[in-house]
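Two complexes come next, and they have one chain in common, chain A, joined by chain B in the first and chain C in the second.
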Partner chain A sequence: MNVHVREDMERHVLRADDGIVMGEDLLKVDHISLSFGGVKAITDISFDIKKGEIRAIIGPNGAGKTSMLNVINGFYHPQEGTITFRGKRRRRVRPYETAREGIARTFQNIALFKGMSTLDNIMTGRITLQKRNMFWHGLWTGPAEREEIEHREAVERIIDFLEIEHIRKTPVGRLPYGLQKRVELGRALAAEPALLLLDEPMAGMNLEEKEDMSRFILDVNQQYGTTIALIEHDMGVVMDLSDRVVVLDYGRKIGDGTPDEVRNNKDVIDAYLGVPHE
Partner chain B sequence: MPTPVQAGASVPCTFPQYLLLNAQRFGARTAMRHKDHGVWKSWTWAELSDEVRAFSLGLKAIGLKSGDKVAIVGHNRPRLYWAFAAAQALGAVPVPVYADSVAEEMAYVLDHAGVHFAICQDQEQVDKVLSMVDKLTDLHKIVYDEARGMRDYDHTNLHSIDAIERAGREMLASDGDAAWKEEIAAGTGDALAVMLYTSGTTGKPKGVMLSFDNLVVSARNGNSFDGLTEKDTILAYLPLAWVGDHVFTYAQAYVAGYCVCCPESAETVDSDRREIAPSYFFAPPRVFENLLTAVMVRMEDAGPTKKRMFDHFMAHARRVGEPILNGESVGLWDRLKYGLGELLVYGPLKNRMGFTRMRVGYTAGEAIGPEIFRFYRSLGLNLKQLYGQTEASVYISAQPDGEIRADTVGRPSPDVEIQIAESGEVMYRSPGVFLGYYRNDEATRDTKTHDNWVHTGDAGFFDHEGHLKIIDRAKDVGKLNDGSLFAPKYIENKLKFYPNIKEAVAFGDGRDFCAVFLNIDLTAVGNWAERNNVSYASYQELAQHPQVYSMMEEHVAQVNRDLAGEDMMAGSQIARFLVLHKELDADDGELTRTQKVRRSFIAERYAPLIEALYDGSTEKYVETEVTFEDGRKGKITATVDIRDMKRLPVAGAQKEAAE
Partner chain C sequence: MLYREAGDFKTTYREDNQTFPIKSERVLFWAAMAVAFLVVPFFVNSYWEKSVLVPLLVWSLVALGLNILTGYCGQVSLGTGAFMAVGAFACYKLMTAFPGLNIFFVVILSGGVTAVVGMLFGLPSLRIKGFYLAVATLAAQFFLVWVFNKFAWFYNYSASGQITAPQREIFGVIVTGPNAAPWATYLFCLTILFLFAWLARNLTRGRIGRSWMAIRDMDIAAEIIGVDPLRTKLSAFAVSSFFIGVGGALFFSVYLGAAEVTEAFGIDKSFLALFMVIIGGLGSVLGSFLGAAFLVLMPVLLKNIFVGSLGWPTDVAAHIQIMLIGGLIVFFLIVEPHGLAQLWRLTKEKLRLWPFPY
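Moving on to the complex of A and B:
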């Protein structure tokens, strides 16, 4: 008997295809400079993020990593330089506009709604995807109800994915730190982002929580095909997870390449081990 | 639309035959539920048999054949339960494995069983099996349920259940299911149904082979004993590899046709139980203890009115709840008040715990504290105790309705004969007695006599009502010098039922009298100290506090009174005790990782204290090495008091108390 068993592993790409092929530029920053008054946070930085990769941004404290993320998601507006996202050069945008365009993020210090349940927090991630207006949702019948059910189903898939079924109804403020981080990741995923920005997803976690989080980041990348840019201080994690690393120091780019290239880059070693600056 | 699967004509003797019968007789009744993505999904018996058929045919398509062993690795998922019937329909033998075991432990079982197929829940389990695939020469195929993370794996010998079911349905469409049904109809009761590996707390795990007859007869007896029908519901949350789960949620469910509910995940069992409210429920004592603690903690936080109401009605329930449950005569006024309590307190409480519809509940595995047991019974919950073993297809003895004691395990189950051997060991013979240990004839011969009596390894006796009482592992039971029986665990359990006592270690084998070490429970005693303005700076200081000693003395005196009331045990009343200056700890090797006392190690480590217990001194200076959490070692020193206890004359008066 020869019955062929087919293994078609359907890939759940959440957001509809945006026409960019895996491995091509999803986001490109060119000669970005950002300063606050006389303080230069970022000086003439250029790099790209390719679709489907995990891109790490590393650097010592104050190197400008978080500023860079804030520039990417439209919170800061650079004085010089251009940002191209999905092939379109971006003008001055507000964070909610970048969110609609498909950039979601998590924060260094957790920014969840403490009094709301895990489920409700993740539901808020769906707001940019809502089609009906507030009036319909106020009535909560017919199309709005159907839409709500769709959103809920999407959220339940994320809850299942992140293995947080047991805290579905728990107020987020009562959860331990590691779980809150996971909920925050869930909320970012709920927006079905094309680009996910993670600002220190593993800060303050113990080894086991870090392992779990690494697993989730890899799974998000593989299963949903989400492009990820992450800032992280744990070099072990960075080197294991990321496809390419960009290194910043004092607002300048000092290295860019695969983890191995970066590890052997003299400037990077100097920046991390500390070389006196004149 | 599932096409109905037709059953054969004769009385079923295997589970696949029962499956076909159920699809016919209970076709539209719910057979299984699973909470998935936050919603309970369900399958009727007709749908279930349709799924199992597709699964089974698909397994056949990838080469599963009669006699093959199939490892089932994972938690309580519907498809893993289907895998049992799907494999059995082809004459293959399922071998469920503890999902929590590490790769090496699992490798031993899979290798020993010689499994050909492994059906895994998810990537985690697949990875474990793949990591030891070199050692498993018989293993051909790995099958998995959840596809997450598996995309980049080599799928030559790896298949998803989705794909297998699809292949099965294609086969059904092209070839029909006549051959499949014939194979099921040809199944006989004496065939090997399942191999369950004992957890292996003593030595290497042994593969207990159970036949369909063993399981079907046990399930039938179990169902009729407790009146279980197709209308009942059970929550499947215990390990698949454990015989209790296999019998309660597979064998009995197929025979009676009741509904099995799989929780969303191991962490959500409590809330899932609340939603399902099973009518038939099994849990080890630990679960009942934790539930009670959770309730009590919440009540402590409740407002004064609620708290007063709770206390008042719970006191009433303690007085009349059990007699009402046992059908004894209770005054009208008390009954009315109990009814009001049901409305105000007991009902909401049961709802909270998910016991609203519970008709039959069992606890087994360990001794349950009498207070905890009575608490649940007084709420009107029919909680009972049973005594069973893998080798017996669970049932050895169980408590019939209305004859419930906190300290017995009931009468012999239907069709079970029990005898107590010379040595005090409990032996039984029943239709559920296993075929033998797989590839281990020596162990089979040691356990099972030629005329089918099985050694349990437990010591016990029948009390005057004909109820079986289990006292200890047979090898731990000894004798005092005056010849009276000494069962350390029995005494220790009695002591540990007091919340203030965390651990107890009893000595007495080959000695003149019984003496114990006690460990205070820091949470309970610390709480007591806080309420009574007893100040202390360390565990050691609290443990040696005179008032704490008096408290312990009361507990020991009460245990002695209990022991005096039991003919067999009265001789081993506690003569002397001391409270240890440090907490027994697994880090110091005094407990196993599962928190069981390591008797011989403790005897060695605290030899001077044991000596002091028996040489009549009233205090003893000791130095003990301790290991801190970071691995450093240190010493603590203390002078430990030793107290004498009065031993009471034996109530039965056959034996002299050893005064």
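Moving on to the complex of A and C:
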């Protein structure tokens, strides 16, 4: 662990110091139901995410995993149920407000800002941390410039951490898929989130890229102490990375527990995992 | 040899953030500014002022304003003509209501008034996007022009329905009205444009610009990252209208001198500004200038060639000129859809390696 990362960790621990001890509930989802017209996407789901853990959400296609993340994000508003984040029961919020509370996210289909460079994309992740208003930005020289440089330093540490120095100034539209995924992770990390939601971070990657991404996820979790909720279809990755797994099927929760418990859960095997051929 | 970045090392983030990262670019820029500020005023005559320089400066300002909204924030607007009219009428009302107020502040205040009106018409942008928003801003165009025609208060109940700019001075130098010297109006517009270009660059290089571009490139991801869409879009509308309002105020008070709203600020002006931005390059400060230069200077140049050098009748020349400009627009859009600014960027990339191809 180099000096920068350690400094960053210390700063991060300070920022995330919200009175929640490692291992206690960071986010609690209680009896959430979500439907679109007559279609029930999520039915009465409850689970918790403890601070400092990697929590996987798995299940077959259409099980409601991404909908669940969208609910946590504030992008969908459930008809029933409550969400408690950092000990506070949440009222109806807009997505940019959850971002300010410390929830960052990556997307299943890459959602980078195509017209901007890697650097600008990751800098955008720090938008909630930048405070100078339009007046100072109009003047530029002075407080606004100092603030920009301060955040540039933090972003450069993330670029260093993700090993993407060489593409710093490349427009992201020109990058290969694997690197785009990495930039997207960088953008989410830049917000210094308390909870990081990753929607299929390894979809469409080759083995080497998956290994790199797994290493980054573990490093983020261990070095920065960031709590991670992860949706992934690669069971090898899920079982290796996560501390606890919640399994959804047809909008209902069918399993919850450590990877080993889930692997041996009959419902989960029937619905999703299947039995290996002898 | 002239354009090299070898040996030009950046050791601080501040240096890395410079507007012109390469030394020869900086030299070129400041040399051009020195010529524009210190040399041109001594040679400018009435013809150059009225048909080339002042329209170029004013339209650059308007294009810059529209580029902030459409190029940086991705909100298509067809209300530019009307927002220019708001600036012009605000300028006229302020000039006649407060004769003692310095024209510089009148122009800036007119921009402020336009910013408020622009924000008001920007409200629908939260719900509607793309072409539909363009149609909504088209409503602003027709509505505002109608308002300025309908209510005589706006043109101080003058019989002709025209607004006429009274004579105003800065530091004892006349800059508006029929007695203004060409160099004075030129310098006045140039100074304001310089200030606003600097402002535009500053706003677009940091957090504000990034939040605009985030909304432009992918609004849902932007919101999930923490960009408040309402505030961001409205701020783009406000800043853009501010620029366009100042442009409209200058267009009326310095360039036209007298204006009638339907004729001076019709829908054709909205389209002209949009073409400038598209041809120049969306999302580029330089592109606004290149687009304005293309659409302001090209007609003048062609007219001089056809009528002045070749001696064609003016009506034939005028038609051929329209066709040629249309053709050139199509040509440039096919060659480089990202505008003249992108062409310039590519030229720089090539120059960097010249004379070697790789």
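As a convention for this text, the second predicted complex is superposed on the first by the 257 of 278 C-alpha atoms of A that agree within 3 Å, B and C clash if a C-alpha of one lies under 4 Å from a C-alpha of the other, contacts with A are read in each partner's own complex, and residues count from 1 in each chain.
One rule holds in what follows: a residue touches a chain if its C-beta (ideal position, glycine included) is under 8 Å from a C-beta of that chain, and two chains touch if they have at least 3 such contacts.
A quick note: this is a predicted structure, and the numbers were derived from the prediction, not measured.
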{"item": "Partner chain in contact with A:Asp243 - chain B first, chain C second, else both or neither", "value": "neither"}
{"item": "Superposed model, chain A: greater residue contact from chain B or chain C", "value": "C"}
{"item": "Contacts of A:Glu209 with chain B and chain C, given as first, second, both or neither", "value": "neither"}
{"item": "Touching partner for A:Arg105 - first (chain B), second (chain C), both, neither", "value": "second"}
{"item": "Which superposed partner A:Glu153 touches (first chain B, second chain C, both, neither)", "value": "both"}
{"item": "Partner chain in contact with A:Arg132 - chain B first, chain C second, else both or neither", "value": "second"}
{"item": "Chain B versus chain C as contact partner of A:Asp234, first or second or both or neither", "value": "neither"}
{"item": "Chain A positions touched by chain B in one structure and by chain C in the second", "value": "152-153, 156"}
{"item": "Contact footprint of chain A on chain C as seen in their complex", "value": "13-14, 17, 199, 202-203, 205-208, 210-211, 213-214, 216-218, 220-229, 235, 239, 283"}
{"item": "For the chain B and chain A complex, residues of the former touching the latter", "value": "36-39, 58, 60-62, 147-152, 155, 159-160, 163-164, 166-167, 170-171, 264-265, 267-268, 271"}
{"item": "Contacting residues of chain A [partner chain C, same complex]", "value": "73, 75, 94-96, 99-100, 104-105, 107, 111-116, 120, 123-125, 127-128, 130, 132, 134, 137-140, 144-145, 147-149, 152-153, 156, 187, 191"}
{"item": "Contact set on chain A toward chain B in their complex", "value": "1, 3-9, 11, 152-153, 156-157, 159-161, 163, 165-166, 168-169, 219, 222-223"}
